[in-house]
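This is the structure I want to talk about, given as structure tokens.
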Amino acid sequence: MTKVLSDKIRVAIAGATGYGGLELIRLVSQHPQAQITYLASVSSAGKRLEEIYPHLAEIGSFDSTLQPLEPKAIAKAADIMLLALPAGKSAVLIPQLLDAGMKVVDGGPDFRLHDASAYPRWYKFEHPAPELLKEAVFGIPELHKEAICKARLVAQPGCYATAAILALAPLAKAGLIEPEIIIDAKSGLSGAGRTSLSLPYHFTEAAEDVSAYGFPAHRHLPEIEQELGLLMSGAFEITFTPHLVPTIRGIFATAYVGVERSAFSVQRPVEPTILQTMKAFYADSPFVHVSENLPHTKWTSGTNHAFLSARVTPDGKRAVLLSVIDNLGKGLSGQMVQCMNLMFGIDEAAGLEARAVYP
Amino acid sequence: MTKVLSDKIRVAIAGATGYGGLELIRLVSQHPQAQITYLASVSSAGKRLEEIYPHLAEIGSFDSTLQPLEPKAIAKAADIMLLALPAGKSAVLIPQLLDAGMKVVDGGPDFRLHDASAYPRWYKFEHPAPELLKEAVFGIPELHKEAICKARLVAQPGCYATAAILALAPLAKAGLIEPEIIIDAKSGLSGAGRTSLSLPYHFTEAAEDVSAYGFPAHRHLPEIEQELGLLMSGAFEITFTPHLVPTIRGIFATAYVGVERSAFSVQRPVEPTILQTMKAFYADSPFVHVSENLPHTKWTSGTNHAFLSARVTPDGKRAVLLSVIDNLGKGLSGQMVQCMNLMFGIDEAAGLEARAVYP
Amino acid sequence: MTKVLSDKIRVAIAGATGYGGLELIRLVSQHPQAQITYLASVSSAGKRLEEIYPHLAEIGSFDSTLQPLEPKAIAKAADIMLLALPAGKSAVLIPQLLDAGMKVVDGGPDFRLHDASAYPRWYKFEHPAPELLKEAVFGIPELHKEAICKARLVAQPGCYATAAILALAPLAKAGLIEPEIIIDAKSGLSGAGRTSLSLPYHFTEAAEDVSAYGFPAHRHLPEIEQELGLLMSGAFEITFTPHLVPTIRGIFATAYVGVERSAFSVQRPVEPTILQTMKAFYADSPFVHVSENLPHTKWTSGTNHAFLSARVTPDGKRAVLLSVIDNLGKGLSGQMVQCMNLMFGIDEAAGLEARAVYP
Amino acid sequence: MTKVLSDKIRVAIAGATGYGGLELIRLVSQHPQAQITYLASVSSAGKRLEEIYPHLAEIGSFDSTLQPLEPKAIAKAADIMLLALPAGKSAVLIPQLLDAGMKVVDGGPDFRLHDASAYPRWYKFEHPAPELLKEAVFGIPELHKEAICKARLVAQPGCYATAAILALAPLAKAGLIEPEIIIDAKSGLSGAGRTSLSLPYHFTEAAEDVSAYGFPAHRHLPEIEQELGLLMSGAFEITFTPHLVPTIRGIFATAYVGVERSAFSVQRPVEPTILQTMKAFYADSPFVHVSENLPHTKWTSGTNHAFLSARVTPDGKRAVLLSVIDNLGKGLSGQMVQCMNLMFGIDEAAGLEARAVYP
């Protein structure tokens, strides 16, 4: 039985001093049906949050003291834990949290891939809890809502994966695309996090620059393959190239796919059908908006919203799918809260209605 | 009698397509005790808001059709109007709104200055409603809370004025500073608004640039003089230099003042006393935070919060006061909502609790 | 006979107040073998350049008075004219300059396409000098050096076209790629020029944003098709998507191509062979640098240099080609000067040796 | 005897991998009368420069192998050494270079202050060569040209100091200002260098932010006091507040000074006289431009130029002086080359004529 309180969901947050944790704090502290009851930080336990983030001075709505990562204390204080930890850190912790009766949403990669053998290859560690990989639900509510509602453990996808999968899922499921898929993604710099300092992310290096990195084998590729594999009818190939652009937030994913010509006709023209298929797929989602408008990452800043569009080449042979999200919103902390909402049977949009701070 | 509804304050917004109006829409649409009931736009009446701002697609919580600026229709639909219009536009409109029984918060300069003769000089128009200049309350709640609570008409200060006055008011009132005041302000580019296009605000010109403009006689100077004049005991002089820096939002005001040496002593050292005086002045404000931490504009982004600090030169002769706000938050739309809250007797922080979207 | 002076090439520049013209002024004013002898501006004739660009105050090395666009006066004053004018403006002017015995490098699109019928379709004007379209040489020296050396009229390609063609030409010529080509390009904002103001290019809108625009049928597509058509052996298809990213300068082109598998073998592995083919193609160019390093647009800022690299997917089926240039350098004014150098028989790198102002 | 070669000045550069060193490399490699003959790096000796800065691939005009910091080898290879090292590093090295007969321009602070006792206080080290502090010439040619021409050792001022001194020197010398001076400076982020990584300089923290730091006692203050002390007739006080703004390069210094009223009259009005005094002071400098135009940091990007202006308050009591430079240009490496030119009796502008890469 879910420990839903008479009043509010009691939420523990791990990795509170990183950008993902900070965004979780912002969202949960404003959530009408949830409250922060435990803030955990490995590196800063004992400090107060406002020592690290002075803009949270006098926030008052929760105890800002950072606690150690102790499963028993956490389970006592909270109904659910939202984790924003580096790869490999939560794989050990989460079994203990589950055993103590908690629900968990993991923002890291440790439970995204169903295949345990993928972890040594992509993340350089042997998975310590392979049996949970089957139980863990991939945390995109627009694809796995029913399972998330019942889940103990939800694994938030990578930010690139969320953007790409949102664009491709409707057409993959409808059998409208050919099996050669190209994803060209452009990301802001907050995706690199706050904890580790690195020259390429310094202002002087990153401003006035565009670059590509981490391909042809980026870590988000196997989860995109896993999820599209559930929707595509046959074999397929993905080429994925991530780029860095000088914004703080935002992912812009441009996907190029061949159009499955047999699925279209004069009565069923390519571009309108593709857009209509995408709209229908997301008709019930309060967060995914499909339209003819070419999207801007600025539309998503600070929010859990995604904007999609599509164009087809004049010869009708190839579709260009566009998908924008905030990498810390729908790409991480926002979607984690969306999953939490579903896991507790409340409105999935609770606490997430805000639109972008614009401009 | 205030037309407080049993449920929510009915709010009309003018200038809905500019950045100030857009921020009002964002804030009121999330406000737990207020609702948008009328969106007015001179330039875009008849259109829907999402045609101009696609990121508001499917927002649903209010009618997004932009209406003409018709006082009678507005008075019928709303209890209060929040106006974000260019200088000179609201001076004619507001008397009609007041006559129709509405409350008004004016985001423009038309009712900020109590002296009608200042308008031809600073704003190049003869004021059409000089009798209202005495009634209008200068809209900084931390200075004029009582009057705002009773006001029909509140005039929101300029963004630079808010930042500068917040820094200087406590020391001016306490008689701790000498009469020669220097204000060096740095502003992001959203202060220029969205409506009029101008080369200096183009990305290619503004990015990677810092410049000064509009001095020694910027329009925000007389309102700073007016408000400090209520607090200073004698004559004083202000030198005010605004600068543009390549950020979207944020004002950083650095004020330099001589310290009134007779007010301090070994038992009453300069820097701690100054900080303590500032803290005490804002002890009851949920939005103005004073500390030893040197503030960052990023702390305020998208919020109604202000962060203040101070340093004193080693010889104890001069104080440097630092003040940061979001020019569209505490500098405009946020503070307008704060005033509205007070005018309707609800918690001044209602709908404004959010902290910065960070980073 | 070329009017090579005993000392320096006399250069006229048209469109001197736009960003392309300004860059031409910067480059020619520092050129050891050329000198500015005529600055033409339609909009600002009669003014002095430093009234528009105060950073050129006291420059002294040429007469900064802006002159009208008068072919006879220009031909008297200069040996060559470099034009940075909007589409359609130079098509009328250039025949007169040629008739007067001048050489011409046109920075605009009016003479890029050999097929006159393309102009009504892509540029909405009937070409007034179709006979010159055959004579005009497409101005990428790495592809057409010999023709440029002998040319009276050179047409500088579009910035996107230069970036894309540089990446694709070596493999297209070597028959190593399949005929389905995808070009995903990211551009800084100076490509939009200085003359026309537009909301999407305002700092507040463009900063912290990424967007796509102008596809599936961007104007640079036909020139890419024209040039690759000279190199590819059969029919081919290009999908081209330009994006805007918040930098002032820089184009990053990512091209995705299928690998022609029959051209490779164990002895001739895909990725090394592709890189080697690209290196060999540009072995004699002082400006195009091919390496294993993933390139950054910052490396090209303010220069005529291009940096290329490539990666192949693990299955060896698809290549990702990366190409970076400065849109105002190799993408416009720098390459125009490079062509000018060749047209006058001097070192193609003269005046263009500078590396990026970094960071 | 100066070892001027028949052809070119042989230049050694220390700290070649930092931003200051990189800018020295850029400038000297393009210098018509100087050549790089020794590149030294403590941290990267043995590597090639293009391994660290790939945009310098195939540069070819000098040997790009980074050498250790060995005075004898340096003295053999070069006539002068330009050092861009952290505080304390060159104080030990420079005596050896001088003993070996070299000329030296030090970009760091080790020889800026004439008073040895200032070093423990401001830089936390006991000066190892106090006798050289008297010989070292403060490297602003507009103030100390004659001494620089004869110097063995020139100490480049800090970037803030150069900007502030250029603004204040003419009026200080002419006795036109009162002794209370306020300097409010705004700097881009490259001033922090490349070597040490620091969270506040990460893109995500620094973009969309303005902050103040390092006051009331910044290290550049004593050198400003030292230099103005040579020009002011009596005691004076400086308040100096540096700010960080999100640009890569550029310093904007705004100085506030009381006007010495006795020096002005109806026949000698304040603002024109001040501007005229500044213009006259810099009449012979090819790099310092004084005008009525309010300056922009963008005008200086990548150059050795400075732009100054001034405004006076309507009551004529206070002047606002504006000064912009590139912190890596006139603020560091550019001015070092300017000094080198003078030390070798060549045109001080040689190799430094370039204007900004704009926009």
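As written, the chain order gives the labels A, B, C and D, with residue 1 at the start of each chain.
Basically, a contact is a pair of C-beta atoms (placed from the backbone, for glycine too) under 8 Å apart; a residue touches a chain by one contact, two chains touch by 3 or more.
Predicted, not measured: the structure shown is a model, and the values here were computed from it.
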Shared interface partners, meaning chains that touch chain B and chain C: A, D
Interface residue overlap between copies chain A and chain B, same or different (over half shared): same
Chain whose Cα centroid lies at the greatest distance from that of chain C: B
Inter-centroid spacing, chain D versus chain A (mean Cα positions, whole Å): 47
Centre distance in Å when chain A and chain B are each reduced to the mean of their C-alpha atoms: 36
Where chain B and chain D are represented by their mean Cα positions, the distance between them in whole Å: 40
Sequence positions of chain A contacting 2 or more other chains: 19, 190, 194, 204-205, 207-208, 246-249, 295-296, 298, 301, 359
Chain contact topology (line, ring, star, complete or other): complete
In the complex, chain B residues that touch chain A: 19, 22, 26, 29-30, 53-59, 61, 190, 194, 208, 248-249, 286, 289, 291, 293, 295-296, 298-302, 305, 307, 353-359
Parts of chain C lying in touch with chain A, wherever the complex brings them together: 180, 182, 184, 186, 188, 204-205, 207-213, 215-217, 237, 239, 241, 243, 245-250, 252, 254, 256, 294-298, 301, 311-315, 317-318, 320, 322, 324, 359
Chain B residues within the chain C interface of the complex: 19, 189-190, 192, 194, 197-199, 201-208, 246-248
